[in-house]
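Next up: some structures, all given as structure tokens.
What follows is chain A paired twice: with chain B in the first complex and chain C in the second.
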Partner chain A sequence: MPWIQLSYERRVAWQLRLILLPSVLLLLAFVIYPAVYSIYLSLTNEALTGAAALKPRFVGTRNYARLFSDAKFWNSLLVTLIFVIGSAVIGQFVLGLVSAVLLRRPLRWKPIFNSIILLPNAVPEVVAGFMWISMLAGGERATLSRIVAFFGIPAADWLQTFPLTMIIIVNTWRGIATAMILLTAGLSAISEEIYEAARMDGATPRQMFTRITLPLIAPTIFLYMLVSTVSTIAIFGFVYALTRGGPGGATELISIYIYNQSFTAFQLGYGSAVAVVALAFSLLIGVVYVRALKVEV
Partner chain B sequence: MAVIELKNVRKYYGALEVIKGVDIRVEDGEFAVFVGPSGCGKSTLLRMIAGLEGIDGGDFLLDGRRMNDIAPDKRGIAMVFQSYALYPHMSVAENIGFSLDLKKVPKATIRKEVEAIAEILQLTDYLDRRPAALSGGQRQRVAIGRAIIKKPAVILFDEPLSNLDASLRVQMRAELQRLHRDLKATVVYVTHDQVEAMTMADRIVVLKGGEVAQADAPIALYHRPDNAFVATFIGSPRMNLVPVTIARAADGKAEVTAARLGAIHIDDSAMPLPTGPAQLGVRPEHLRLAADADGDFDSEILVVERLGVETYLTIGSLDQPIMVRVEGDIAMRPGDRARFSIDRQSCHFFDMAGRALPRA
Partner chain C sequence: MRKALLAGLWAAGLSMAVTAAHAETIRIANHGQAGIDAMKSTVAEIEKKYGVTVEVVEYPAPDKDYVTKLLTELAAGNGPDIFSVPSASYVADMVAAGYLAPIGKELKAWDGYNQLYDVAKELAVSPDGETYVLPSMLGINQIYFRRDVMDKAGISTEQPKTWADLIDRAKEIRAKTGQYGLLFPAGVAWGGGAFEEGFQHLLVGSKTPQLATADGKLNLTGEGIKDVFGVYKELIDNDLMPIQPLLGPEPWVIPKYEMFPAGKLVATTCGSWCYIFDWGRESKNPIPNVEKVVGTWTIPGQTSGQYVLAGLAAPWAVNSKAANVELAKKALLEIGSVPTEVSYAALIGNIPARKDAAADPDFQKLTELVPIHAAAENGVYLKQAAGFSAVSEGVARATEALLRKETDAAGAQKILVDYVKEVLGDDAVQ
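== the complex of A and B ==
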């Protein structure tokens, strides 16, 4: 049928499909295909060295069965859980909310505060990694050791002594801006008159926060939680740059465990199985957020 | 008891003085309306009474007690906001009862009081709904309910009807007046709509540029405006102001001459008008169509607005239009000519600075 004869609605529908096409192609090539291929790989004994590299075999669910008795896998899940809760759910969220609430007031140096909070997002991940390595290095000349020396605290090799705490702090540092921007958007939707009405009703600042602000930005908070949880599960770059997952698996996030299994131990099949489980967890969390908390995505 | 006194009250935004030494007294149980054009400071003044804006100079007394530094919720004042400012995540009942809930009043007592107020405001069927599921008029009533549950001595209204359509506005005007009669609270009501002010107020305070232009009973403002600003602000359509020259025609008679209206004689035996340039103020309803032989002047008709019950004629010239309000439906056309007469008893005179020249 010639293009011109299509009804208006159908033309619009076709135009929409055309506009979506590049995104769909990219998703197919770089998300759907690798995900499906990973599921396929997870059912084989594909490896980068040895006999399996030459002739990979279909092994069914053997990789998954092995995973359940793999203490290092469970450790990586636990580390990831602590990392997500510590940095995304608590650190970034709490500090982001505090920044958003404080920066809503008319402050003299507001643009400067805003820029400072946004800076970590402007630094490339690997640069941030190297910067923190120098900050957290062992010895008395490292930046953090020199700072804490002011308070009489002895120097330490921070990444060795408190590895998980340190990567939680670094990730919190990186993510405050995103949390702040999202929560600021949520806060700015609340009209000033509602707070004035609450003041007339006798609400204290604390009551205004708990009875007005929090319930009204709850949808934004849940959306933020969803986005940050899923993206934090996938964090790899700077943690790998800082610790390589060590010491002794203390910071071996599931993403690092997948990498280590696939490209250090060369067991692509097993690494893929871990990746599929991680994907399943992310999906599960997403579905729970969307369904249970009615997050609009 | 709730007598509001504002004494030389001032407000600055930076170096800009927005309230310039205002003195207002509102008696107990009075319905006072602050009216004025945008930017005259009426809402700022209301918010200063509420405690939402600080007072930079002067005193606000409530029953003789200085309130300048008392927190909004401790003043015994409630406020209805222009946007209603309902809590969108709470039900109607929760909205109305919020102030009591904050004070930890037992839930059962809150429920009882909320139901009593819902009854008065015809909201009983909507108590479990969220504000988003209500019409504009219903939201307005919830906002009023939230104000009156506190049993305030003073209720402040900030342009409460401006978001409603015309017919609902008329209905809500009547409801607010009834509520005021029942509650006997002192009311301060802000509006830019002089019809609202005229129909509801016991007393109107006309504000201009952060100052009180005049404060009086509505009909007194209509009949005896202190200045050209009040004269043109109160009354709809607005009073015509025409530059004139006053000369003495005889003892007790002034000759008033205007470029397009010719000369008329005004009896000023009670209080002689000063001679020289002045402004003649005449309301559209005080100009009449005259029979051909009679009348004071003739003019071309520029615009005809036929409303059925009355007809507005714009005469004179487009740069100095004069509005005439004629009762009944007058089938005239633009371009027609007619003769008009001026009701001399209802003429107002202002000096060139806009101050009213006393007539008696």
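== the complex of A and C ==
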């Protein structure tokens, strides 16, 4: 039997390949093939309706040329950048870190606090979107308007007046738990003896945080940044449910722009070109994180 | 071995039986619960008459999501056998994409054909001369106004004679009541409504009343288009129409379902369905005594003339790749029966395209719709052309720029022209 004649190492290698095979096949079918097909589509005038749906033509780089002079595309990139920095890099990270640090301490109601922070992740994103619509709606009876009325602030249609700020707040609310879990894992890897030694040397809590905690969880922070940045760029569902990209493109993230081009204007070719560029941006960000910051993924 | 062989044969036989059973199932995509309710008796009739099973699938609302799902399925080759097209402006492009089966021969041989209003027959004919949709219902569009609010404020409710007259009336409403004077649907979020429920109304009475040229191209550089955008600009700049709600995700909800019933918006374009679905007996926020409280104006022309805009309301079509196209065509014509049309009128408020619906006792009970039905024959419309769905989106983008005060009328026209050229290519635009 040839199988028996193989050395132990080669058998293990083959076993590993076999174990990996289903994942590789799934990746090929649902990630690599669609990505390659998107690149192909981006070079055509493929559409969902009209003559181009029946007989799509190869148009070379026309879609890309159009994209670079498309003000709405650049607007969506800017909106996405602000959204990612506001919600993932600042909002979720800061509040996630604060939660992780606070919940590391012995607290009486710790499991309850943990559950409260985790709850937003248990709500489906479209349901969360509609829930927030009712909270942020215009009129005096909307939840937020009633809360701010206590402080003498007049009611507003929050999604109309501060649309981008509102979706940043909602996404921060949704993402704190992920940040907290990852950062808690990073914090738990720091030995208590290091803090003990620092205390004996007379270090203040602030010094311990800035000189011990932060440097030691830096790899976790960067890993979190990588994951949250890329996943936030791809967010679609709850923002679409909340605002559909409006008002007037104020919350039109790149994902919503891709959807609008492909499935509202029905231009699959152009939508694919935008998607390819968005993919390139995501890859670029990933490379920056992984290479420049020397993160081990 | 023999057992395995028998099991295999049994499985193959079962599979064939299931496939055969599927061939006798007609899948109908319908839009919203009201539409499904209106179709109930028709579905039973189709099943009884043709011995088939009809599966009615509710597709998502609003219109844009409906169209997206429908087109994606049709492109993938697994669309429903029969479906309604929520906006007639999509029809020519769906024909160009090869999604719709021609039904001209069957329609002309159908006993209900002679009962159709001429305007319905004309609207159903595509640019290639063939008919692909059943014109079962009509949308008759006019301007609806709150007679009670205007009477109370001492404002004339007489028919405005020109666009200038109409704008002056809106200004008077604003000045005397403090409420918004006139709404034309606008912006990207309203979808096809910006074109179908707003832009078209004015265009038909403008200096250049048609977009389609004799050679099937689109003429988007006409003076009338700029003038129409000028009306929007004037309404927006003078704070005569509500702007913020139109920039939100469901822009029709606040103005149509809240502001108009509350008298905070005094006049708006709408179709006959507003008397039933938006503010009438099927509304969640009805206006009491709607027939008397809400009056209608025809749409005045730019300098003269009165226009009642007619359009096909969610016409029905057969998928060119239906499992059994001939059977689907027969089933389609059942949707054009008088009982189905009256049922749609009662639940949604569109107007039956058949003249003989007027004699139906159930339709006569719909007193709000009877006079509109009688006036349907005089409806005017835009000639359809391939590319209208791009024009519709272009109008939405142009009016959105006006709503955001980013451009003027000429700039809005440029946005429209540039968008349509980008999508369809320079050749499609004259």
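Throughout what follows, the second predicted complex is superposed on the first by the 296 of 297 C-alpha atoms of A that agree within 3 Å, B and C clash if a C-alpha of one lies under 4 Å from a C-alpha of the other, contacts with A are read in each partner's own complex, and residues count from 1 in each chain.
As a working rule, a contact is a pair of C-beta atoms (placed from the backbone, for glycine too) under 8 Å apart; a residue touches a chain by one contact, two chains touch by 3 or more.
Everything quoted here is computed from the prediction, not taken from an experiment.
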First (chain B), second (chain C), both or neither touched by A:A71: neither
Which of chain B and chain C A:A203 touches, first, second, both or neither: first
Chain B versus chain C as contact partner of A:L18, first or second or both or neither: neither
Which superposed partner A:Q160 touches (first chain B, second chain C, both, neither): second
Residue contacts with chain A in the superposition, chain B compared against chain C: C
Contacts of A:F266 with chain B and chain C, given as first, second, both or neither: second
Which of chain B and chain C A:I212 touches, first, second, both or neither: first
Chain A residues contacted in one complex by chain B, in the other by chain C: none
List of chain A residues in touch with chain C within their complex: 47-51, 53-54, 66, 138, 157, 159-160, 242-244, 246-248, 263-267
Complex contact set, residues of chain B against chain A: 50-52, 72-73, 77-79, 81-83, 85-89, 98-99, 102-103, 146, 150
List of chain A residues in touch with chain B within their complex: 191, 193-194, 196-203, 207, 211-212, 215-216
Residue ranges of chain C in contact with chain A within the complex: 64, 68, 71-72, 75, 90, 93-94, 96-99, 187-189, 191, 244, 247-249, 254, 386-387, 389-390, 393, 400, 403-404, 422-424
